[in-house]
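Lettered A, B and C in written order, each chain numbered from 1.
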C-alpha cells in the first residue's frame, strides 16, 4: 500500500475520532478538529473560486476575446465596495441587479411549477371512467385510486385552512383546521421517522469507514488511534480536575 | 427522585453508547435481511433501463461530504447502470464542496466499467448560480460550460455531439441533499426545457418531495440509504447500502424502544403525581 | 447624489424584475438571447459573492488572534488549514508533471489537494454530521412524549414509518411497509403539497414586494 494511502487512512481515522470525542465532553481534540474543518473548507472554496475566475472570466475574455464579460465583472467588483465605508452605496447597485433578476426569473417559474401544477394534480376526478361507465376505485395501496384522491384533497384543503390565520377558526373553519392538524401530525411523524433514518445512515457511513481502517493493511489505524484518543481524553480530564477553579 | 424520574434523567452518554453498539454490531456481524423494492425507486431504474443506447443521461450530484453515506451509493448504482446501458453520461454538481466527491465517483465507476472521458462520459464540475446555471444550460450548454472539469473544450467532445441544450438531454437525475437540488432542476429546468427528471435524496428532504412525485413532476425518487439499497438490489450489485441496512434496522428499533420507554416512565411519573395530589 | 444612493437601486430592481418576469412569456429569439447572456453574467457575479463570504470569516478570526482572546490558538489552526489547503491547491504535482490548479485528480492520479479533500475535509464534515445520530436518539428519549392526542398521533406515525423503512420492521410486521407507503404517498404528500403551495405563494408575494420596492432589506445598511 502506498504511503499516501496509509497516511490518509490514519489522518482520516484520527480526525473522525477527534470529532466523536465531543460525545464525551467538549475538549481540545474536538476544538482542534472543528477549526481545522472550517479552515480546510474555506481553503477549498478559495482555490475553487480562483480556478473559476480563470475558467469563466480570464480565459473567455483574454484568450477568446469575449469582452462583454466586462459588464458582470464590473457588477461583481461593485459588490466588493461593501468593505469601503464611504463607497458601500455602490454595492447596493450590484445587489439590486442580482435580486431584481433573481426575483423576475423566479416568479413565473414558481407559479407554474409549485402552484399551478400542484393544484392541477390535487383537483383530479373523484371517479374513474372505464368501458362500463364510471367506477370508484378504493385500493389504499394505489396512490392514484379514487379513495386516495379524496383523502389527498381533504388533506390539502384542511392544511391550507389551518395555515390561513386571517380569519377566525370558528364553526366549519374550525372543523377544517382541526382536520388539518391531524394530517400535519401524521406528516411530521413521517418526517421524524425519515430524519432518524437519515441521521443513522450518516453514522453508519462513518463507522463503516472506521471498521475498514481497523484492517491490518491500514496498520489497524482505528484501534491504535482509538486507544490513543481515549488515553489523551483521560489525561486531559485528570488535568482539568487538578487545576484549581478560577477565583472571582 | 423515584426510579422513573431517575431513568428519564439518565446520563445521555449511556444513550450514545447504546446507539453506538446498535450501529457497530450489525456492521461487524451482518444478517442480510431481504429488502423490498418500492415503486418510487423502481420508477428511476425502469426509466433508465428503457433508454436506448446512446441516450444522453445527466447526473447532477448536488450534495456535499456530509451526505456521502446516503448519496454516494446512489451515484455509484446509477452510474453503473448507465454505463452498462452504454448511455452518454454527463456528470456535474450544483454544490461546490461536493465537486471532489462527484469527480471521484465518476472516475472510479468509469474506470471500473472501461469508459473513457470525452468519449463515453464528461464531468463538467461545478459552476456558480444553481437556478441561473440551469437556465444557462437550457439555453446553451456550451456557454454554461465552455470547458469540462479538466479544461477540455466541451464543443470538441464526442460524448456531447448533438447536445446543444438541456432539451437534447433524455434523462436528468438530481441527487440532492437540500436546496439547489431536485426542486431547482424542476423549476428552472424541466418546467421550460421539458426533459424527464428523476430524483435521489437524503432521508431528511425525502418526505417533502412526495408532492412532486405524485404530480408526475419527477418520475421516481430514491430516498436515503434505504433507497440506495433498493437500487443496489435492482441492479444486482449489493454493496455498502445493502450492508448498512442491518445496522439501520437495529438503530431504528433502538430508537423505538427508547421512545416507548420514555413514554412508559412519563406515564408512571404522571400517575404517581396524580395519586400524590389525591392524597 | 441621493438619487444614485437611494432611488437608482430600486429602479434597477424594478426594471430587471419586470423584464425577466415578462421574458418567460416572450419566446422571441432576441428575448432568449438576453436570457442566455444575463444568466451567464449571474454565474460570474456568483464568484464575487463567494469572495464576500470568505473575507468575513477571515476578519472574525483575525480579530480573535490580534486581541489574543480565549481560544485564539485554535484560530491559528484555522489559518493553518486555510493556507495549507491553498498551498496544496496551487502546488506542482511531480507525479502528474503539471500544476495542480485546484484539481483533486490529474489523469486518475490523486494530487495533494485531492488528498486533503478526501482525507481531511470529507471525514471531518461526515463526522460532524454523524454526531447528529446520537443527539437525535438522546432528544427522542428525553422529549418525545405523548402529552396529547395530537402528539400521540405523531408518535404512532413516526414509529410506523421507522418500522416500515427497515427490513427488520417489514419482516416482523409486513403491514408496516404498506402503511408507511400509504402515509408517505397520500397523507404526507397532501400536507407537504399544502405547505409547498403556501410557501410558493409567500415567495411570489415577497418577490413582488422586492420588485415594487416595498421590501428593501436586501439592500443592506450603510451610510446613504
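Note that a contact is a pair of C-beta atoms (placed from the backbone, for glycine too) under 8 Å apart; a residue touches a chain by one contact, two chains touch by 3 or more.
Not measured: the values here are computed from a predicted model.
Asks: In this assembly, which chains make contact with chain A and also with chain B?
Replies: C
Asks: What chain lies closest to the overall centre, CA atoms only?
Replies: If we average C-alpha coordinates per chain, A lands closest to the whole-structure average.
Asks: Looking at B-C and A-C, which one has the bigger number of contacting C-beta pairs?
Replies: Spelling it out, more C-beta pairs touch across A-C than across the other pair.
Asks: Centre-to-centre on C-alpha atoms, which chain is most distant from chain B?
Replies: Relative to chain B, the chain with the farthest C-alpha centre is C.
Asks: Need the CA-centroid distance for the pair chain A / chain B, whole Å please.
Replies: Comparing mean C-alpha positions, chain B is 12 Å from chain A.
Asks: Roughly how far is chain B from chain C, going centre to centre by Cα mean, in whole Å?
Replies: 16
Asks: So, what's the distance in Å between the C-alpha centres of chain C and chain A?
Replies: Spacing between the chain centres: roughly 6 Å.
Asks: Going through chain C residue by residue, note those that touch at least 2 other chains and give them in order.
Replies: Residues 24, 39-40, 42-44, 47, 49-50, 117-118, 121-122, 125-126, 128-129, 133-134, 136, 140, 155, 158-159, 162, 165-166, 181, 184-185, 188-189, 192-193, 196 of chain C touch two or more partner chains.
Asks: Quick one: which residues in chain A touch 2 or more of the other chains?
Replies: Residues 23, 41, 44-45, 48, 52, 56, 101-102, 105-106, 109-110, 114, 118, 121, 143, 152, 187, 190-191, 194-197, 199-200, 202-203, 205-206 of chain A touch two or more partner chains.
Asks: Counting only residues that touch at least two other chains, what does the list for chain B look like?
Replies: 16, 19, 23, 66-69, 96-97, 99-100, 127-128, 132, 135, 192, 207, 211, 214, 226, 248, 251-252, 255
Asks: In the complex, go through chain B and note every residue touching chain C.
Replies: Against chain C, chain B makes touches at 8, 12, 15-16, 18-20, 23, 33-36, 38-39, 64-69, 96-97, 99-101, 103-104, 107, 111, 127-129, 132-133, 135-136, 139-140, 143-144, 149-150, 192, 207-208, 210-211, 213-214, 226, 245-246, 248-256, 258-259, 261-263, 266.
Asks: Could you pull out which chain C residues touch chain B in their complex?
Replies: Those in contact with chain B are residues 24, 32, 35-36, 39-40, 42-44, 46-47, 49-50, 103-106, 108, 114, 117-118, 121-122, 125-126, 128-129, 133-134, 136-138, 140-146, 155, 158-159, 162-163, 165-171, 177, 181, 184-185, 188-189, 192-193, 196.
Asks: For chain C, which residues are in contact with chain A within the complex?
Replies: 4-5, 8-10, 12-25, 37-45, 47-55, 57, 71, 74-75, 77-86, 89-90, 101-102, 110, 113, 115-134, 136, 140, 150-151, 153-162, 165-166, 178, 180-201, 203-204, 207-208, 210-211, 218-220, 222-224
Asks: Within their complex, state which residues of chain A touch chain C.
Replies: Per the touch definition, chain A meets chain C at residues 4, 7-9, 11-13, 15-16, 19-20, 22-23, 31-54, 56-57, 68-69, 71-73, 75-77, 79-80, 82-83, 85-86, 88-89, 91-111, 114-115, 118-119, 121-122, 140-141, 143, 148, 151-157, 159-160, 163, 180-197, 199-200, 202-203, 205-206, 209.
Asks: Quick one: which bits of chain A touch chain B in the complex? Just the residue numbers, please.
Replies: 23-24, 41, 44-45, 48, 52, 55-56, 59-60, 101-102, 105-106, 109-110, 112-114, 117-118, 120-121, 143, 152, 187, 190-191, 194-208, 211
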